[in-house]
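Next, two complexes with chain A in common: one pairs it with chain B, the other with chain C.
Let's look at the complex of A and B:
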């Protein structure tokens, strides 16, 4: 009996004495908030803490609560704490989740868009806490589009995995539109320049000046009445006895104008992009 | 004549050496971890075939260079495939490693990526990754902790000039599903 007790109890006691210290951590911690790890054992030990942006070690007293400062856990993610005592180490893991939403980051594309284009503008918002961790819990983001003229459009969208997005149709009037995303008092604003669309009702007229023939457009506008941007190319084509000649001319101050030498009667055609305009029949002069 | 030829050879050898020394900073070598990408549930923009290949290749290279950067305490290796907050956090971790002498070593055993969000304009993609890893925490030469673990990551990637870069890399407690 004595032999049995000795053979069981002595190894058990040795095992208990040799057992490494243990660590316990809360299952989840909020970024930037201090907390404590519960440890067992006694005497001095070494604590290792690794995780996003973290790889530290320090001496600790085993059996005490081990304080982890808020600045050691500012980044969201999985952390590992290891405690070592005379060569025996024990580990525990905990997750740090993002703190309260504090910042919204907004991507808006494109920066320049033609008027009246359905779903041509997209806005993507990312929600972060003050430590730049993506906030994964659903958060409501308020999107707002403020055109130069007319009423603002607002939409609220919840985030999924820290992200939400919208699509917008560009306004019918040219000019800058402000696209914003806000989260409480925090907001981000981007500007999208809305420019005239393709030319519409493109018309040319003849102009004789000092015996020279010029073809000139009327002010070039899109179908909503917006002036087509200077620099947009207008193609003039002349068909006369010498053959067919095409000249590309950029719009300047709202009109495109070109001098064309004529040989007898000629037809002048005009186009801009896929849009064609009226046809002029011109009788050449000496 | 002989001397000129010798000079040319020396210059070529030095240039070749410099290329191979600088090579790991911007490119990953062969031996990237295995990466599988599932983009079946991706939206709102569908993924392009070339983008799918780039994401798979560049995410693997990102992990390869991250493991090397942490193993060798070289934050310059992060330049190739990391940007923004992901790069800043990893650089911070490497600075901490240098200060404390503690290092984290990853042995990568593969990634199952699922693309979950691709922005309408194609300038950001969010993915979930189930990464199989062997993780070691080392103090000097002593391994104080070793584990084989499958971790869930939420990843944000954005396009760079010629590749996709990891902008955010965050472990999550569990899969976050919409």
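Let's look at the complex of A and C:
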């Protein structure tokens, strides 16, 4: 009988003792905002608070409201609070959600794109609070594309799980396009360089100057009329009695020009990348 | 006893000096000082050049008064930071071509070791009999000099500002250039598999390009992996096309099921200058029966190009790349002064060549 009483009553007493200190957290906690944990029991205890990117320990008075400072819960995520009183511990879990949207990060790809490419530009916006927590609740983000010439295009998109995106077609005119995302007063801006496409109707013409022969392209443009970037290589090939001559010349101020000595009749070909141009037949002068 | 140790040290020093003298070709130089045959005359001259004893080598020439010493030195040891200035004349081979009592012709093959691998130079030298000795008649050359002038250079230069470490997350970097492999052709050579083709920079910025290939076995596992190394023009300006060649020594086609190609590009700072003209290109067979692509390089800009590198692509009648060969030019390119080049071509490929394209790459000593 004595043994029975001991085996039943001692665990019961321990249970009562363990339940003496209890801890309750609010249903919702916002990052960076102070709140309190409700505790039961009496006397001194020790509070342990662990969460994403932080852990703390301090002594508290049981039975009082335990104040948690805002700077202890700046990171969103799951936290655990443990309170211990002379070997007996009680724990509670709570979630800290992100604070109000305060910052938007914008990823725009690519940084260079050819003109007239459908859905070639993507802009992805991530919404964060002031503590760099991803704001998971739906938020409206205003996207804006500002071309070098012409009217700006604006679209508003809601975030899903903190992210939203748009796809844009590159303009038909070359030049920088500014892609922006804004959220209230905060905004981010990126620049996408829209560049000319392949050369179109590449043509060369002969030019005699001071008794020397020059082959020169007409202004090199793509099929939309944009000037092909300076520095783009144009290959000139001359075939005459002396053999074959090749010169890779970068475009300068819109045209590529090269001096080529002639021996008799010559055939001159031009190409830029995979694009070929016209063929020129010239007769050497003495 | 007190003299024994100094005497021993002195004797050992003398023996070591003698060994060094013999190893440096001193015995051979001494033996050939007289140059009693045309072959000995050429050997003596080249041995002096090998030892970089230029005064003595120049004095040995039959036409020393007609040949500028600086031109002679530049001919054998390079100048203006050219490839030969980073080379050593390792050895040479001689063949008599023609000989009479008064004069002889000798063919000499010079073997240089250079910073980019072995380099061979074949020359025909004339040797004259003067009195009791034979002397080499060196081809009369003058040091190419550029007339004082101003060459305006206003070609583009691209510089890059990359994303900084302190930039916020989400601040984009500039994208790598878009490059594309235009063609690829796998060839079985007697001792290797060779992959040749062309790559183009499709972007509007310069690209540093490297092409790699992986040979895959029938079970999909990797058999071998190689890159184009120096058989490509690595820096490509916008829309520039470069041939590439990747060699897999001792590989056979029957060991391979497929090839995986890989092209990597990096955005690099570059300049559109210098422009190098490749003129008078022609396919020819040389005196030794080798098929060569010959031509001249002309530096149209104002800066010296130290080490030019020629990469040539050869096409068949359907426009397919059937071979890529390359070669370093041992002379620097001075502004406006043409320099000849030659790259070789395998005998079995030469008859199939319908067209070719030469690309010039370069390395400058003072440019990173």
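Convention: the second predicted complex is superposed on the first by the 266 of 286 C-alpha atoms of A that agree within 3 Å, B and C clash if a C-alpha of one lies under 4 Å from a C-alpha of the other, contacts with A are read in each partner's own complex, and residues count from 1 in each chain.
Here, a contact is a pair of C-beta atoms (placed from the backbone, for glycine too) under 8 Å apart; a residue touches a chain by one contact, two chains touch by 3 or more.
Please read these numbers as outputs of a predicted model, since none were measured by experiment.
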Superposed partners chain B and chain C on chain A - clash or fit: fit
Which of chain B and chain C A:274 touches, first, second, both or neither: second
First, second, both or neither for A:109, with chain B first and chain C second: both
Which superposed partner A:244 touches (first chain B, second chain C, both, neither): second
Distance in angstrom between the closest Cα atoms of chain C and chain B, superposition on A: 7
Footprint overlap on chain A, where chain B in one structure and chain C in the other make contact: 107, 109-110, 126
Residue ranges of chain A in contact with chain C within the complex: 105-112, 126, 188, 190, 193, 195-196, 199, 229-235, 242-250, 252, 258-261, 272-274
Touching residues (chain side chain B, partner chain A) in the complex: 44, 85, 89-90, 92-93, 96-97, 99-104, 116-117, 119-121, 123-124, 126, 135, 137, 139, 144-145, 147, 151, 154, 156, 168, 170-173, 176, 178
Touching residues (chain side chain A, partner chain B) in the complex: 27-28, 46, 48, 50, 52-57, 75-78, 80, 82, 84, 89, 91, 95, 97, 107, 109-110, 119, 122, 124, 126, 132-134, 136, 160-163, 165, 167
Contacting residues of chain C [partner chain A, same complex]: 154-156, 158, 168-170, 172-175, 182, 200, 202-206, 237-241, 272, 275-282, 295, 300, 356-360
